[in-house]
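A, B, C and D label the chains in the order they appear, each numbered from 1.
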């Protein structure tokens, strides 16, 4: 199975349910996959930031990919993150996730180490040369502290080095420069990672979205995507605003934990409250949500009509 | 073998020589270890940032640690970096490097993901609980984009969670706060990672230094350390200034590559020019130095009396 | 004359033409005002960032405000920036620009000095208490290195402390949170400062835009605004993309000068090429554009149908 | 009167006492000057960051400079900050402070607006060309968000454009590069702005220091300076550590106000507790210290032997 080019629609970055002792909770993961596929999503993205890829051991990453690829059984394509610091280490993950059946890999710019546009381009060219499946670039400066330069993305797209971009930069003007700049590259996929600006991104010409919150409400995000494709912008805006309000849940942890712990903790708490996963534990060393904070997550669900 | 407490003196972060096809060059690595031990260094630190740990695969990391531990055979202690994003992944590296014989591990704050002082403390407490050898904290905000908070370091020191700190923050005022704050914890080790401020750090009361440039000139750094310990501050300053001038080599790559590529490229070029290693290749995707740039490295060596 | 509430449409941040010896070029300024008003703009904003307010002396600021207010003679409202570091200094500018006839003032968060959400709120409350005209908040983190917190903006809006927001943050998700959050405050104005995302901002519910590039092509921006208001999103997108391409001119100065020098230099060069102003000089110490760079500006104009 | 070249010793950045209604408290300012001169300081620096220059109106700045210059009457040199965004505005302040009698001016890189090394150099060259008194460069990236590039400082020093550097960057390695780089320029002054690293800076060869905390304890800082000059490094370190502990007062405001409000608030509270100034008010919009926080300032004084 190969991914469509371009890949369109809603591609949830699949949360990784954990047991109370922080092992991958395979039955919950399978229920989550069913929940997403039943919600109408167009593909799945495992081992992304929302999947806590940064926290999963290599063995856990393998288990997640095999589980999801095996269970989804071709109903929708499965993309996998290959999140690591530099080319040689990312290539080891590319080998692992493709051996486990991923149909495309998603890789960031180098991080931890200092980098440079010439090195970023070289990084992707090496990844593409050695990957058995297509490579998408993942622009996530909040994590890697480097913004993928627009001209580098356009050069890699024109040369068919990368087949797509997942943009989690929050910089919609830069995103637009890619969307318009790759219009001649007809099979290039541009996905936004923002939960909050999907109507705007699709209106500009983006192909789809990778919203972490679609774990919680896949039906809502699929509805939003379809409204946008139908050009029904007023109803799309209303649906987007409902989802923006729901996204407020990511702040429940407040100042007593990191932003990731609060956001992922809220998504998992919501999934548990909705009966999809068995346990809302996040990986170490994240601070867990308190009962009060989980209760506030429940209120966000109720306000969005999801209780 | 265990590490001394405190660990004092010069602890080079050992470069990882590579072959032209980017495999670990074991004979060169052994020659480099001999060069450092012969230079009088007090311990070795493998798999740090200067070692290109961010670029080495798990297999290469294992090979490096085993090679160095095996060859050094107890002449000096060997510390190993366990550089990865979060607790579960770092713990896998802790297992690997201690299996390979490292006598202490060095770990940063979580990176890639958002973090928080409470999560940083939890991270180190979990590492210490599961590590068979002592843990040192590695403060390197340029890489992980979080500064270890002074109060967290002092709390972890007082509780004997971490046995030392390697400070590569460049913030000498914060460093001083740790040096004075841990004075009551008599067996705690404070090491500066700066090539340029070792006299100042030792004058404040630091225990030692982890200068990347000591790969190139171990004798110079050992001399500097001994002058400081003798209270011969004028000659120490002169030696430090000679080494500061030598450190200028890290800029030879200029604006056409990343800072890491230029610095590590220069160290390796210098080691090749000095006849220690066989090949100056840096790991992918770093841009290599040109012949002209290598020639400029040679001039830095000559100016420092090392040709 | 008072400003409409909300203020809608296109509000150019008026460039400040200078003579070759860097005095305000009053005849050129008057021609520029005529060019903008004839282009159909809805209000004028003097002494903003695009106006080089940061470079103008107090005397020059006074001359600019008096000239524009006097010449525009009530055809459209005139807002004026009161750009300075803290409350007491901003209040001096508020007095000056309102004495010169400005109908509203626009002020940023404190800068140079460290600040805090509580101090930002206090800042605007003091400004509003002492200003004879309405105050708009100006969110420009690239200049002041603080993002106006959404909750502070919403609190100030609800309390009628500020009557509007000019958002030059580039953070469209945060912008959306304000747009939806102030919907109950019917007379509050939300303006985007982005040249590149006006269709998206208006689709979300913004009231108008303050695009620096509208100095060069006011007719285009007014057309874009009207298409959005008519719900003609396809033609709006095409017009927005034409303006995005034109905006590429801001990069002509490349790496040999600051981004402000390149952008303002390009706008002024374009205005001179279009025959609106007499001289394209930017204020000291900005590096001037070269002849080649000005020629490239001309090509951007031609490509956008403006030669 | 002219400033010595180089200027050596302790140069307090003089706090600006305010009345409860935020006017300059001239009698308190005069008492503060007497307190500093009696403490043995070598020069005074008015209108710096510690002086709340960012908060003072032009009229207040004039009053401060005239008051201090007039009262000090040549006992020590008086330097004045000319803190504003760009060259034309800074030049207006240069005119004002030199008219008021300042014997040298201190100016930062451009801020608010984007800048560039070429523009920073041009900025200082224009300032020097138009200033009737010598110009010192003020490196304060925490305020202006640009670090003065070492090569620019060395070029300006070699060309006698600026006669000195006040370094508040916190980057002691970069500071050292200037100290050693200007050694051939015998009349160039290098001052550190750090309260915490003066022994280290003087050991490297700096000429003097501009510590905000010397408002509170001028005698301590003068003692520290004299111990360093005498090469009595052990006693210097002990005195420096006493002052480091005293400096802890800057944190009393905690997370409920900006760092400037907390630090300046603490200095002023300490000056009031020591009987030097009448009122500890800080300028708007800074949050004032609470009674509890002031009490904690008193404990820092007591612990340092200053109650």
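Throughout what follows, a contact is a pair of C-beta atoms (placed from the backbone, for glycine too) under 8 Å apart; a residue touches a chain by one contact, two chains touch by 3 or more.
Here the structure is a predicted model, which means the values were calculated and not measured.
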item	value
Third chains touching both chain B and chain A	none
Reference chain C; chain at largest CA-centroid distance	B
Intercentroid distance (Cα basis), chain D paired with chain A, Å	49
Centre-of-Cα separation between chain D and chain C, whole angstrom	35
Touching two or more other chains - residues of chain A	none
Overall pattern in which the protein chains touch one another (line/ring/star/complete/other)	ring
Set of all touching chain pairs, with the criterion as stated earlier	A-B, A-C, B-D, C-D
List of chain C residues in touch with chain A within their complex	170-173, 176-177, 180, 194, 196-197, 199-200, 203-205, 231, 233, 237, 241, 244
Contacting residues of chain B [partner chain A, same complex]	22, 49, 54-58, 60, 83, 85-89, 92, 110-116, 118-120, 122-123, 126, 142-145, 256-261, 283-287
